[in-house]
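Quick one: structure below, then a few questions.
Chain lettering (A, B and C) follows the sequence in which the chains are written, and residue indices restart at 1 in each chain.
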Amino acid sequence: MSHVEADEAREGIGAGIEDRKAKVSPRRQMLKEFWYYFSENKGAVVGLYVFIAIILIAIFAPVLAPYDATAQNRGALLVPPVWADNGSWAYILGTDAVGRDMLSRLIYGARYSLTIGLVVVTLAVTVGISVGLIAGYVRGWVDIVIMRLMDIILAFPSLLLALVLVAVLGPGLLNAMIAIALVLQPHFVRLTRASVMAEKQREYVTAARVVGASPLRLMVVTILPNCLGPLIVQATLSFSSAILDAAALGFLGLGAQPPTPEWGTMLADAQEFVLRAWWVVTFPGLAILITVLAINLVGDGLRDALDPKMKRS
Amino acid sequence: MLRFILSRIGVLVPTFVGVAIVAFAFIRLLPGDPIILMSGERGISEERYAQLQAMLGYDRPLPVQFWDYLTGLLQGDFGNSIVTNRPVLEEFMTLFPATIELSLVAITLAVLIGIPAGILAAIKRGSWFDQVTMGAALTGYSMPIFWWGLLLIIFFSGYLQWTPVSGRMSLMFYFDQPTGFMLIDSLLSGQEGAFKSAVSHLILPGVVLATIPLAVIARQTRSAMLEVLGEDYVRTARAKGLSAFRVVSVHALRNALIPVVTTIGLQIGVLMAGAILTETIFSWPGIGKWMVDSVYRRDYPVVQGGLILIALVVMIVNLIVDVLYGLINPRVRTR
Amino acid sequence: MPLLTIRNLTVTFDTASGPFKAVDSFDLNVDKGEILGIVGESGSGKSVAMLALMGLLPPTATVTADELAFEDHDLRTMSGRERRRLIGAEMSMIFQEPMSSLNPCFTVGFQIKETLRIHLGLDRKARQKRAIELLESVGLPEPERRLSAFPHQLSGGMSQRVMIAMATACHPKLLIADEPTTALDVTIQAQILDLLVDLQRDRGMAMVLITHDMGVVAETAHRVVVQYAGQQVERQPVETLFDEPHHPYTAALLSAIPERATGDRLPTIPGVVPGQGDRPDGCLFNPRCSRADDRCRTIEPPHQSDALGQALCHYPLNTEEAA
């Protein structure tokens, strides 16, 4: 395959998804069936509601947050939450060491976490699917080289690789996202390649080839939609891993830099107050946990609903 | 079987070379002059720059540098730390036992709790036990472990004052460390209270590091068990008149363990990643903390060498797990 | 006294959409040393009834019966432990899929010897000797070598032979064979059936043969029970059944045997066995019966006399000959 074709394949991904979207309305029945299986899993539905709530919080952060996320109040350092002794209604969840409102910072933090998840997953999915399609469709030495490379990336513990990448690229949120996307994409490459190789053997692909569909059309329009299920599940799980890893990098001081109200970075700042002010440590972590848990619950529900192997029971 | 092992090693060698290339490329090919980066904001004098360049061999062509580096690796030369000037391999070997000890404790906890919990949840599918266990497992799987560690410190070290906050051993004790494993060395030292101190230092980081593998193993065991319990051969076992316990613990479990062993193997990478965070929080003097400190110090030879060494450890453990997998799965063993 | 007595056995499954009656008022007597064939389409409840007898149904199944007796043991009141002493020893079962019925992680020897150890308490040496004898008795060549083989190294026919060796290890008085040849090649099917009949004759054990193949019944069974949608629609000795079926369903099954078919095309029975949601009123067979009238569609039919094969039908066939 030439580079031109490879590039075409990459651009083609978007087209493939568009194509699928356009067909959704006649596929109402399918959606209905999907929702039936998804809603059987109560945890998944709860997770979905929580996730939607977090999205709304992120969108309406400026309306919801009582203070500016970076505004410091020198007169109110390490104020405990309202229900604790010395707590005040002015700062419901207390303040941090430089007098910033915890609640406002947490609300703004949702924006960072969701953006990180979205950007990382988009990057990893786009690159992963393109590379996987090429490997699975072209086979031969291209496939061997690609898969070797993925094996090598997977040989490193993901956080370690991300850590070193960020160390070299320089600390910061953007570099952290690039590094995490890089360590997450081999999963998409493998999944796509495996599905493509399985689907390629099927009759409908042969049929499409016989009527003269181009390789690009075959890959993107014919094969890809049929392996979307596992990819969607993997994307959901990657969304939560991305948030966790970015928070971990932030915690290590290599992700988002202070005073950014990113939850992991907030924890890094709070580390020295572990034994003095529990609230500056507890709430950011709780926010990460709830977000990640909600997404993983949705992921479990999606797997139940989309994985035909699970459907038989 | 031997051929099976050899073929796995055959796959491992090119991957290792690839790992070396990647580690080398990170430091040498990505934008930015590593020596400038290493010197940080303070800048660097002309002479010192030239000196470092010569020392690290950065003045020669890249392919030559890589060749030298690779041949060095094969002879066990991973370069020297620019901060301590000690060989990277030597530093690694000094610190590695601490990480092994912590990881072993963590994986043991995860297996000993995760597998029985998964089995019980599968047998009592849909019961409150199943729901609580799987809820807890998903929570554990979603846990930011650096925060989890801090919470445990707040509660057990701060509030209850049961466990120390950091390190491997109370400063009251001093003894030789022939094995590098604090649990063993403290026993060998014969000092009263030393072993207890070692355990109390180990328990919190062990629990924190075990959290994610425990959750994954419990979930995987449950789903493997559910799959196996529906198989025809389990019905055959029951038709033989075997007790429910024997059906589950011999006939079903043996089959369910096959995918679980693979999962446990995959947790080694997770443990290494977790060790970075856990060791940082608990000031545990292992390779995870060493890597993070080296990143902070911009000690690139250590980062580069450590990256390769850790990948090598993960690859070797995965090889062992592959062989184990072959041993417990007759379909692989007797082809 | 019959070896096995089942009266009014009913099996109900709890499903997401309410209870489902898989077996309805199932009666069965098996005498010592006889072969009883149970015939019916998929979903007619024949396997479920036998699994209920063996106590192998999942907890979602509710089993009730007026009588469920093996010799003088009342299976309904037995403790699990007592029942497990019978199962696999006095009363054993082989299944449709021999390849997946053997545990892939253990050798053939382990799986056979396990039964010998648990039920007979033989020592290691005696177990080895007996296991070799058993494999010889089911016609497996090189029995000693086979003992250390894993199931994936065996063919389907060999696996079924191992299953038979395992099921007959403790000289059972009753062997239940649930479609033992369905999953096998045609040439192997006859061999396995012959083996079962030989073993049955040599050991004098009783056998219940579940099948959907009338041809198999004709060759092996002494008596036949025809099962439809969880109900027994006819019971007859094999000699008279083929000549004088009394239930229209039996007649339809018989005319679908290729050897007996007249005309160019093989006759088929239109429609399928009713499932959970579509059980008709009156006779359960009425939607597929060419002779059904309003009475069949509204009133549940009674069992006819023994002379009429106890046919569950308002209008049994071949009444003149029987009278």
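One rule holds in what follows: a residue touches a chain if its C-beta (ideal position, glycine included) is under 8 Å from a C-beta of that chain, and two chains touch if they have at least 3 such contacts.
If you're wondering where the values come from, they're calculated on a predicted model, not measured in any experiment.
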Category of the chain touch graph - line, ring, star, complete, other: line
For the interfaces A-B and B-C, which has the higher count of C-beta pairs in contact? A-B
For chain B and chain C, what's the span in angstrom between their mean Cα positions? 54
Compute the distance, rounded to whole Å, between the mean C-alpha positions of chain A and chain B. 24
Could you pull out the residues of chain C that touch at least 2 other chains? none
I need the residues of chain A touching at least two other chains; which ones are they? none
Touching two or more other chains - residue numbers and ranges from chain B: none
Can you list the chain B residues touching chain C in their complex? 231-233, 235-244, 251, 254-255, 258, 328-331, 334
Mind pulling up the chain B residues that touch chain A in the complex? 14-15, 18-19, 21-22, 26-27, 30, 32, 37, 135, 138-139, 141-144, 146-148, 150-151, 153-154, 157-158, 165, 269-270, 272-274, 276-277, 280-281, 291-292, 295-296, 298, 303, 307, 310-311, 314-315
Would you tell me which residues of chain A are touching chain B in their complex? 43, 148-149, 151-153, 155-161, 163-165, 167-170, 240, 244, 247-248, 251-254, 264, 267, 270-271, 274-275, 278, 281-282, 284-285, 288-289, 292-293, 295-297, 300
Which positions of chain C touch chain B when the two form their complex? 54-56, 80-81, 84-89, 92-93, 95, 97, 100-106, 114-115, 118-119, 150, 152-153, 163, 166-167
